[in-house]
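For clarity, chains are labelled A, B, C, D and E in written order, and residue numbers in each chain start from 1.
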Amino acid sequence: MTIESINATGQVPLVRAQDVRKSFGPHQVLKGIDLEVSSGEVVCLIGASGSGKSTFLRCVNHLEKIDGGLLWVEDRVVGYRIKGDKLHEQSHNEICADRTDIGMVFQHFNLFPHMTVLENLMEAPLRVLKQRKDEVRRRALGLLEQVGLEQKAHAYPRHLSGGQQQRVAIARALCMQPKLMLFDEPTSALDPELVGEVLRVMKDLAKSGMTMIVVTHEMGFARDVADRVVFMHDGRIIEEGAAETVINHPQHERTRAFLSAVL
Amino acid sequence: MSGLMNPTATATGHGRFTVVPARHPWRWVAGTAVAAVVILLVISALTNPRFGWDKVSLYFRDVAIVNGIGITLFLTVVCMALGVGLGVVLAVMQLSANPVVKASASAYVTIFRGTPVLVQLLFWFNLSALYPEITFGIPGVSLDANQLITPLAAAILGLGLNEAAYMSEIVRAGIQSIEQGQSEAAGALGMSRIQTLTRVVLPQAMRVIIPPTGNEFIGMLKTTSLVSVLAVPELLYSAQIIYSKNLQVVPLLLVASIWYIIITTVFSIGQGYLERRFSRGTSRTVPPTPVERLRKFFRVHSPLATGKGNAS
Amino acid sequence: SLDAGKESAVSTGPQDTIPAAAFNKAAADLLPADVKARGTLVVGTDPTFPPYEFYADDNKTVIGWDADFAKALGETLGLKVTMTPATFDTILPGVSSHKYDVGISGFNVTDERRKNADFAAYQSSGSGLAVKAGNPKNLSLDPMKLCGTRVGGEKGTTQGIETLPAFSLQCTDAGKEPIDIQLFPSQNEANLALISGRVDSVLSGLIGTGYASKLSDGAFELAGDQDYDPTPVGIALPKDSPLTASIVAAVKSLVVSDTYQQINTRYGIPQTVTISADAVEAGASR
Amino acid sequence: MSGLMNPTATATGHGRFTVVPARHPWRWVAGTAVAAVVILLVISALTNPRFGWDKVSLYFRDVAIVNGIGITLFLTVVCMALGVGLGVVLAVMQLSANPVVKASASAYVTIFRGTPVLVQLLFWFNLSALYPEITFGIPGVSLDANQLITPLAAAILGLGLNEAAYMSEIVRAGIQSIEQGQSEAAGALGMSRIQTLTRVVLPQAMRVIIPPTGNEFIGMLKTTSLVSVLAVPELLYSAQIIYSKNLQVVPLLLVASIWYIIITTVFSIGQGYLERRFSRGTSRTVPPTPVERLRKFFRVHSPLATGKGNAS
Amino acid sequence: MTIESINATGQVPLVRAQDVRKSFGPHQVLKGIDLEVSSGEVVCLIGASGSGKSTFLRCVNHLEKIDGGLLWVEDRVVGYRIKGDKLHEQSHNEICADRTDIGMVFQHFNLFPHMTVLENLMEAPLRVLKQRKDEVRRRALGLLEQVGLEQKAHAYPRHLSGGQQQRVAIARALCMQPKLMLFDEPTSALDPELVGEVLRVMKDLAKSGMTMIVVTHEMGFARDVADRVVFMHDGRIIEEGAAETVINHPQHERTRAFLSAVL
């Protein structure tokens, strides 16, 4: 398959990773990841700590620069402009522009503590996309209502519970109207009681047709929502398939060991 | 058990027991001793004729002194503005990826932080002693350093460029104190490096930047007195000129000191409010005033009993 | 000496070329008992004022006209003399607080100073005007010629606080531009400002200015040789001090001695500054 | 898909594509411009006879200058030691529960930070002008202030006590930067307040305290030049004394400046190692050198790609 | 019952709370807690976020000063010396001395980051109890072996995983040879895979006969290890009993709602 053929086919996968490799110094964290995520699909990435799940997610968003292989998001190669058979490294501005299509939610929320909830949501659409203020405001308030936090629009993040903060973080990412959402263990920093409210928001989002890659330990969520579950081990994908299959009938011994610890 | 539970005990009672609060004799001994010493010093200063308090009140609003205050305030504000602005640029340059840019910023900081500000002031003021004509190497261009750099400009250059070197270190520490997650989140939202810096990192770094900057500001207030070598009469030098005439050294130094204390105090209060402003959103409740914040740490009876973060 | 060539302009040969002054028993007898018992005279001085007083190459020993004179004064009174460095501003307060017994630091005797201290005059010298080499603006000590120009002075000197404001007043009275007076913390900054063209001239003590212009490598020079408005230069003493009588007596005998003349010669000081014995006390009580 | 995967591609290859690194033309223009300006300035300074480089080398190791360096270093070290020690005490006092103790500390900071250090130096030096005899109010005791306070003692008192006021603010900010959980854990282990402070809080606060203290130290190096008013000949004053004799102003100021830069640089390197020492255990890997740490933040290609904390 | 009778009975409860009340400003967080914990007993404290579990635990250790009621640990009233019918407030030093009998483990570990693991363990026994260095060292190494971390003795906390850090925190508390251990959600900041290793250490500790009060959301642990489960709601204990009973057959409606959310 060539670049041209990818552009030609109607059903282009939204994300396509080909032999993606990434090292930190001498330590190779991703040892060749091949993965395709179609538009509208929800993929759950599971695996033990240190298996490279976060690193892969960060590569998709170019928060890490890959050392080998190629990564497409839509018809763009992440981090490069293609001219003939040359890959020109993107400038910082181009990288930023590409990121606006991808929403990311972090384990520790990373809300901006000095801004109110509403300001958190409006910041990037106003400054990066340069959209009109009233329009952004309307959209932001709508999103807050969707995640059930319309009353907290003027609160500071510190005054919210962890679950509320994470819902704000999701709304903030959505306010950029991304085509793809990346979630990196969105519930693992939460008290067990608060996990449910965040998962509910994510479930709604999946139902609305958003393409999502979710790193998670919540097998219940994976079972209910994921179209596909991908199991990573030591920088490689060693099992993938329908959620039901992978979770209930894992083939690989590593997967089995992992699931028995987590479930 | 009901024997213990006094039926009339209120919600804050301890059953049949009466509570005897802890006494802290040493604390009071120490406190009283310190207070006594302070009071004695104040009395001895107020009653000592050698302090010349009548002269103090005479010169307190002397026109030369008031003009000096104006110059001091003007120089302090302008030089700090220059220092902070350039300091931010230098801090960012020092954190830059470009080795040339980085080395230049480091060299700047080394040289300007490394040489006495007095020397820098003399350098700018007497630039024409070194370069009678500034040609920039361009034929036809020939500028007179003395016209280019007025005494006030020399003062601002000398103090401001020096301050920038100190401020850059403060700003750098502030930027580095903000956890990576913040700029990652901003980056993931597509914000550029400049936007990340100005909208996300710096506003949060202010909390760390403001207190040492307060020190710098108050230091600058006093450092302006060095511009006396440029014959610019700010507050302290004005006082010195007067006492060199009338030899009322102590009263005039007192006048200057009192003015400095007044300015410093006013500024410190302002700083407190600024700190409050930038601590917005960092604590669970309404940000406390500076005084309240201090009080929180070492409380009398339950030193460790403030409900910050980890208790939840 | 690192700068032997230049300093030879004002010979500062070995100390012992100056003959010791004669002991004056009458003056010594007037000394208060405690000073006599102590056997030393503590002198406050600002050693940044060549040729009156400056540091030797070790940056510790105070040398110069005043140092030699103080030594001679000690010999006259049978006392050892300690020259204690201080800044000019702090000497008079130090004398009143008995930090120093006397202050010898080229003090011009002014009315304001005499409110706080007594003086025993030992010289009478006036002001000199230093201008850029060649005197391009043709300045001189005529106030009318200084109107509208920038004149530097040193904070705390009579020239800075009395002469220049008086000149400026004459200018405005005559309907001319006032003098732009710029007072620097010390003579060095004033001289530097002259070299860099920040000021057109510097007005200060004739002897110090003359000495500096000789060292300046031709960067500036004295405008003419006038000794403008000579005023007494004296030893500062605490007000109504028991020491005054003996110091005055000693200085009286010194100013007519050969030692005095030799010290003047050594620093190239013109004869015009010498005073008579009568003027010693006159300087104090004028 | 195999068409894309070049079989000979190495683990770091990108299939059939050749990677063209990003060019940063503006970065290089800016860098070159800065470098050009610096080189021009250096050349013009080196070739300008008015800088008197021959004189500079002549006086560079002059015995008076070297003695001055000794005094500068001695005063800086002693006064900083006094300032840091007293500053810690004042910081703890300001955080104390006892209102008298707290108010005294605040008053101390206000007064000493608020008045020019020059005034404080003059105050100590001329104490005998204000209090000819120090009696402490005790009959029979009568000390002569002039004998009690030598010029060097006055210098140390003046600079050290002033520095303590500034240091106390720095230490206070450092203490407050340590999260409550640490002192709670120490308290739960039965450690007393002093133990908690000295063993748990301060060692961690050092990371925040050291950089501004470095600024203070370097500032103090230069502030010692104010003791010239006490006729204590430290480095800058020694140079001034020499040029007051021979009028070689520029070369001697250069000599002093070069020495200050040397001392500052040596000290900065030491500070870097101290910072490394106290960052022990705060990063996941071996603590980086200061240079490495700077580099991390704003990296060329992946500005946000440092694996600190949140990535795990 | 009076003080005297308490001292007289042989079987004194190790912890006894009587109508313990605590407010933060206008907000009353503990509204009268009565609880007895016998020597050797393991009590699990469960309840929704904000119900006051942490606050109660902190009161036991006098990290918070109670406003009303009385709290005994052994035969001492926490925070006071008894003289007749007067309660004299303890000095800071006395409070510190009392705390040495009580070990506390926090949710966020709160290890001292500037000390190695071994130094963390040895600090308090050396400085507070003034015990001999070689003795403390031997005990510390023994404890590290017990929690399976003898190789990490010279590592800094930051270089350990969360689970390892929490095990160090437990060992640090044990190194003071306390009579009572308090745990405040010791596993809730951990990745799910790491929870097991910490619970295992706690289980061993319970088996060894240590008296423990554990705030936790891990119902499995409560069921297996706890002698008694106490359910708190809004500053009050509203249900307590054998673990099996409370967890499987909750009486109170609130307990039921809570358990269905957590299990």
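One rule holds in what follows: a contact is a pair of C-beta atoms (placed from the backbone, for glycine too) under 8 Å apart; a residue touches a chain by one contact, two chains touch by 3 or more.
Since the structure is predicted, the reported quantities are computational estimates derived from the model, not experimental observations.
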Topological distance between chain C and chain D, in contact steps: 1
Common touching chains of chain C and chain A: B, D
Chain pair whose interface holds the most contacting C-beta pairs: B-D
Most widely separated chain from chain A, with each centre as the mean of CA atoms: C
Rounded Å distance between chain C and chain E, as computed from the means of their C-alpha atoms: 81
Cα-centroid distance, chain B relative to chain D, in whole angstrom: 15
Centroid distance [mean C-alpha coordinates] between chain E and chain D, Å: 44
Chain C residues counted as touching two or more neighbouring chains: 89-90, 93, 192
Chain A: positions in contact with at least two other chains: 49, 63, 92, 106, 108, 110
Of all residues in chain D, the ones touching two or more other chains: 24, 122, 126, 129-130, 181, 184, 187, 193, 249, 303-304, 310-311
Inter-chain touch pairs (all): A-B, A-D, A-E, B-C, B-D, B-E, C-D, D-E
Footprint of chain D on chain E - complex, ascending: 61, 63, 92-93, 96-100, 102-104, 106, 108, 110-116, 123-124, 127-129, 156-159, 172-173, 176
Chain D residues within the chain A interface of the complex: 1, 3-5, 9-22, 24, 301-305, 307, 310-312
Chain B - residues contacting chain C, complex: 122, 125-130, 132, 145-146, 151, 228-231, 233, 237, 240-241, 243-247, 249-250
Residues of chain E that touch chain A when the two form their complex: 48-49, 161, 188-189, 191-194, 196, 217, 261-262
Of chain E, residues touching chain B in the complex: 1-2, 18-19, 21, 24, 28, 49, 54-55, 58, 62-65, 67-70, 80, 82-83, 85-92, 106-108, 110
